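Per-chain residue numbering starts at 1, and chain names A, B, C, D and E are given in the order in which the chains are listed.
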Amino acid sequence: MSTTALSQFSIPLLMGNSLNAWSDALAGFYLFGLPLGLVIIAAIPLVFIALYSLTYGVYGERKISAFMQDRLGPMEVGKWGILQTIADILKLLQKEDIVPASADKFLFVVGPGILFVGSFLAFAVLPFSPAFIGASLNVGLFFAIGIVAIEVVGILAAGWGSNNKWSLYGAVRSVAQIVSYEIPAAIALLCGAMMAGTLDMQKINILQSGSYGFAHFFLFHSPIAWLPFLIYFIASLAEVNRAPFDIPEAESELVAGYFTEYTGMKFAVIFLAEYGSMFMVSAIISIVFLGGWNSPLPNLGGVALNDWTNGPVWGALWIISKGFFFIFVQMWLRWTLPRLRVDQLMYLCWKVLTPFAFISFVLTAIWEVYRP
Amino acid sequence: MGLLDAGITKHNMLVTSVDNVLNWARLSSLWPMGFGLACCAIEMMATNASNYDLERFGIFPRSSPRQSDLMIVAGTVTMKMAERVVRLYEQMPEPRYVLSMGSCSNCGGPYWEHGYHVLKGVDRIIPVDVYVPGCPPRPESLIGGLMKIQELIRMEQIGISRADALKKLAEKSVDPRIIIERERTVVGA
Amino acid sequence: MEEGKVISQSLQESAAAYSIIHEKFGSAISALDANETMPFFEVIDTSQWTEIALFMRDHPKLKFNYMACLTGVDYPAEEKLGIICNFESLALFNHKLAVKVKCARDGGSIPSVACVWHTANWHEREAYDMFGMLFTGHPELKRILCPDDWVGYPLRKDYKVQDQYHGIKVPY
Amino acid sequence: MQELDTAGLGSVRVTRQSDTVVILEKDLATEQMVLAMGPQHPSTHGVLKLECLTDGEVITQAEPYLGYLHRCFEKCCENVDYPAVVPYTDRLDYLAGMNSEFAYAITVEKLLDIEIPRRVEFIRVIVAELNRIASHLVAIGTYGIDLGAFTPFLFCFRDREIILGLLEWASGARMLYNYIWVGGLAYDVPADFLKRVKEFVDYFRPKTVELCELLTKNEIFVKRTLGIGIMPADVAINYGWSGPMLRGSGVKWDLRRNDPYSIYPELDFKVPVPDGKDSVIGDCLSRHLVRAWEMDESLKIIEQCIDKMPSAEGFNSRSAIPKRIRPKAGEVYGRAENPRGELGFYIESDGKSTKPLRCKARSSCFVNLSAMKDLSMGQLIPDLVAIIGSIDIVLGEVDR
Amino acid sequence: MSEYFGNIKTGAVTIATGMGITLKHFFNAIHRKGDAGLDDVDYFRQVDGLCTLQYPREVIPTPANARYRLYNKIEDCIGCGQCVRACPISCIEMETIKVAPDDLAVCGKTSDGQQKKFWVPVFDIDVAKCMTCGICTTVCPTECLYHTPVADFSEFDRSNMLYHFGNLTRLEAEAKRRKLAEIQAKALADKEKKAAEAKLEKKDGE
């Protein structure tokens, strides 16, 4: 498989339907005996996300928030401020990189790295199209849930290493929050896994495809599927520290939370990780409940909308736009709502989301067993 | 700017154009520290708010000095506060800029004569790049002052000091008001 | 009080309130200065000030439960410092009274009424900060507006501002 | 009021019910940490410093440190003429310059015993009430920021900008007006001013409803403020609270009604106090609601003033201003209802000089803030932020 | 239990209301409010939408009586010094020289026809200090001192904010001063001479 890699490279574009064709082809691509394809597989989502983070994430957030607040948002840096984020990153690169004298040097430096790795590792198992997945694990969903927990280590390292009281508060709050919200989030995703009967992300997607488009999505699969969907969405907000659960970086309380002391590039990395994980949870929710790369359009008799809008390239488009939609909802929430208090956050997690997650778990199980 | 200062004295094309790009990045994303002291802070907030919207220029306030490039000293600095201002300034990463907003921080303002507890000008403790007069300055004047800082950054180069940049700017002296007037007439016509 | 002069309703009420205090404390307080702008009396026996204050607050017909203001004043001519307190009975009665308490300019002290009205706590600290009179019995008498190591009492009429504060030049 | 010493109890969250302190939560005492909040902190509304002793997230004790904006107002007053004090009073409570000027003007007028033209009174009330709305908008907006909602703040500032525009049109400055002079006004209002103010009132009414729905009614906002920082009425009076703070504790006390000045007795407006239905009386939400209701009342007052306004014919806004202000020897304590409470001026004149012998500003924020230590004890850090926000301090007035 | 579900319900409803409001604003962003000033009749009839003005290009007109930069029309200044006395913060510095009788025509008149009797070699306004209270402008008898609506005049150097409005250069001032001194000396001499003469006459008369 190795010698003919180049020729294989172009085929998947045409052959389309065979699962993971691109990524398998890439994985088999060796140059001078080096597994270059694996590197590319790892890099493509990262590059894509980095681009997205730059152009859509920050810029979009600024613009969306501005429009919601009757403002214009970035205007002067490039046409309509389109280069704003690039300027920000370039500037952050130039800034002096301060490591506070009293900080724990090792933890301080390593924290943002762990954070970044934690949030981007999950991209490996996200199926971006029927023909592309970084690592087609049979426990993909489990991996995605599990790997997010690494972020906690990064946040704790950053907050503790800063040797700043606000950072410490932010870190401790964040750890408590993320660890707690893992539970309802995991249970809610488990409902999805139960409906699918597999943890393989790609298979979860395939199970949701069909000629009726959105009607095959797990969200409409059972009468109570909206409940785990909602629970996971709320829990995912907390997991990525978005409002109204942004208490770890609550500006009015903790200055800037666990990254109060970070400057320059380290700060940019934290920022990037934050926007990266935002997309990650949005992608997971759209894969598990909204069909991932499946087209939501149904075949209407002779007008085979669903067939026309499915395929590797369309798939990538669908999953990205679904992800972006959820990011938009996250921003929308952020610029509307006040922030919860620490104990209310825990109340919401343990006394509202977790019981409801269990209920939805049981109901889904019953539904799956006695499905009419 | 540390190491490079000593080595580079003559500027070739490459350095200059790199400079331009880097300067463009810096001037396009000036993050000020949300550092309100007194009356002027309210005008600063008004400038950040919808009607004037500093975010148009990529300026949006950060509450941590570590992530900010610009300190807007908005309001009266008192003796008790002076040391904190210095400390906050020192916490900011290089390259950093200071904009003194309003009469009080320019020179003590209305309190210069009898205000025993008022610091008579924030430039006594930290270097100030631009002074914005007014009591309090209108949001327009604050934006004008920020644009002056941007002009200053545009003039900076690796290897030359900020004072030299100022001199260079003085040679090239362009009155922002003239630009504003010109732009306005263009838009009007 | 001058006879025959038309006095306002509020002043009459204040005078009535004063007479109750006068009955109790007699010579410890001066006569009422019944002017229209701010009727006041002075506490002559300063040591009784806290008792007068408690009496004013708790007497069922006075109920001066609200201390509006406490002002420190410097009287260089009399070589005295003083405080002026404005009281009223919030939502209960309609009388208002001001009380003046004076003490010596150097090292003088006035009994604190911070335990009677919480308002007095910070106001007395402020008066101490600005004028330098002591308030005996105050829970934590320290400077409030100026830094702790500030020299002098700024609102005294003969105040000269210090030249340097922590290495920063103070005057213009 | 029951005093509570939390020193030996460890990490205790408390709240107050009428007169007693109730322990909400009790935790094991751990190592205490000193947390210096401010003077540069996003939620201290300026340069207040709070030195908190914390046990985890619970604050055992918080001690406010002020003076970071002590601008020597009283010293300046003693060195300038009576009319020249007016610009300094603007800078006391810089969010409500008109109200501060109003308080100072009526105080000196009381000392001078002069009669003010009726139109002047009406214009004064209009501009003061406009400024009250502007000030409450800032209070409500920044309170939203304190609790994490950014958008209401910008909506508030958007509408405030219109008020500033109106006041600038009348007085020539956006924030620090020097408009209400002792004995009159700097200028009469512009020709179309009243018409535009009326239009503003019509424009603003729906905006308050929107603001209410976006922020005040929001469940998260309610949960963050309900039952937090409760202050019983009698303690509040003893602390000398005034304004929306005192009314938030259920005391119907408004100087515009209870110690009437200017033309307020002729106007019909309510003094809103919480009824305990939407909020616990005396908590942060009550104070917030009082501010929100007061904006509606101010709108009413403005409308009435415009209707009753005497004509501008033969009117000179400076006609009653004395050529040289030199009051007879005496003392006066005058006050007015500021957006933040009672702003009083104690002025002493020696009868000879054109400068006041002593001019003391009794600022509402200074007094309101003095209860901070009491309020913050046994609260969580986020609640502390909510409490500071609900006090709505302006450091310029606290430190003077 | 009903409270528990009630809470969840009110939470969901109020959050949905709030989101509805922000979404309404989001879609309203296709409109932009104009840049009319408050003295414009249509001010409150502008559409609801983005209210940002892009400052250097779009500006809300400042009202005519707006007080920003202090300016002295020195041609009209009679050097009375009222402003200097009135300024609460003494940010105006002024120096006057009496005009010699033969210079009165040179010195000229103010625009309302008042004869100027003083040269004003130094009229410095420190706009860095100025608090734009407008007290100085109200006392000015010739209305030559006024605040202009120009607000945007920031400087890199604070010394540039000391505005000089004097109508004489330093050398000219020196000359005028010398001239005045001469005249005064002459007048004094004349006076003395006259006094001496008077004395002499008196003596003579005796």
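The criterion applied here is as follows: a contact is a pair of C-beta atoms (placed from the backbone, for glycine too) under 8 Å apart; a residue touches a chain by one contact, two chains touch by 3 or more.
Since this is a predicted model, take the numbers as computed values, not measurements.
Each step here moves to a touching chain, and the least such steps from chain B to chain D number 1.
Taking the mean of all protein C-alpha atoms as the reference point, the chain centroid lying nearest to it belongs to D. In this assembly, the chain whose C-alpha centre lies farthest from chain E is A.
Farthest chain from chain C, judged by C-alpha centroids: A. One inter-chain figure worth recording: chain A and chain B are separated by 38 Å, centre to centre, where each centre is the mean of the chain's CA atoms.
Inter-chain centre distance (chain A to chain E, centres taken as mean C-alpha positions): 58 Å. Mean C-alpha positions place chain C and chain E at a centre distance of 42 Å.
Between the Cα centres of chain A and chain C there is a gap of 65 Å. Under the contact definition stated at the top, the residues of chain A that touch 2 or more other chains are 66, 68-72, 75, 251, 255, 335-337.
Contacts with at least two other chains are made by residues 50-51, 53, 56, 63, 80, 107-108, 110, 112-113, 116-117, 135, 138 of chain B. Residue positions 15, 18, 21-22, 50-52, 54, 62, 88, 131-132 of chain E are each in touch with at least two other chains. Listed by label, the pairs of touching chains are A-B, A-D, A-E, B-C, B-D, B-E, C-D, D-E.
Across the complex, chain B is touched by residues 145-147, 150, 154, 159, 161, 165-166, 168-172 of chain C. Contacts from chain D toward chain B in the complex involve residues 39-42, 46-47, 67-72, 75-76, 78-79, 87-88, 91, 94-95, 138, 153-155, 157-158, 160-161, 164, 174-176, 395-396, 399. Within the complex formed with chain A, the chain D residues making contact are 33, 35, 41-43, 57, 144-151, 154-155, 158, 214-215, 218, 220-221, 223-224, 380-383, 385. Touching chain D in their complex are the following residues of chain A: 65, 68-71, 165, 169, 243-244, 246-247, 250-255, 335-344. Of all residues in chain D, only 76, 80-81, 83-88, 151, 158, 161-162, 165-166, 168-169, 171-173, 176, 178, 186-187, 190, 192, 196, 199-200, 202-203, 210, 213-215, 217-220 touch chain E in the complex they form.
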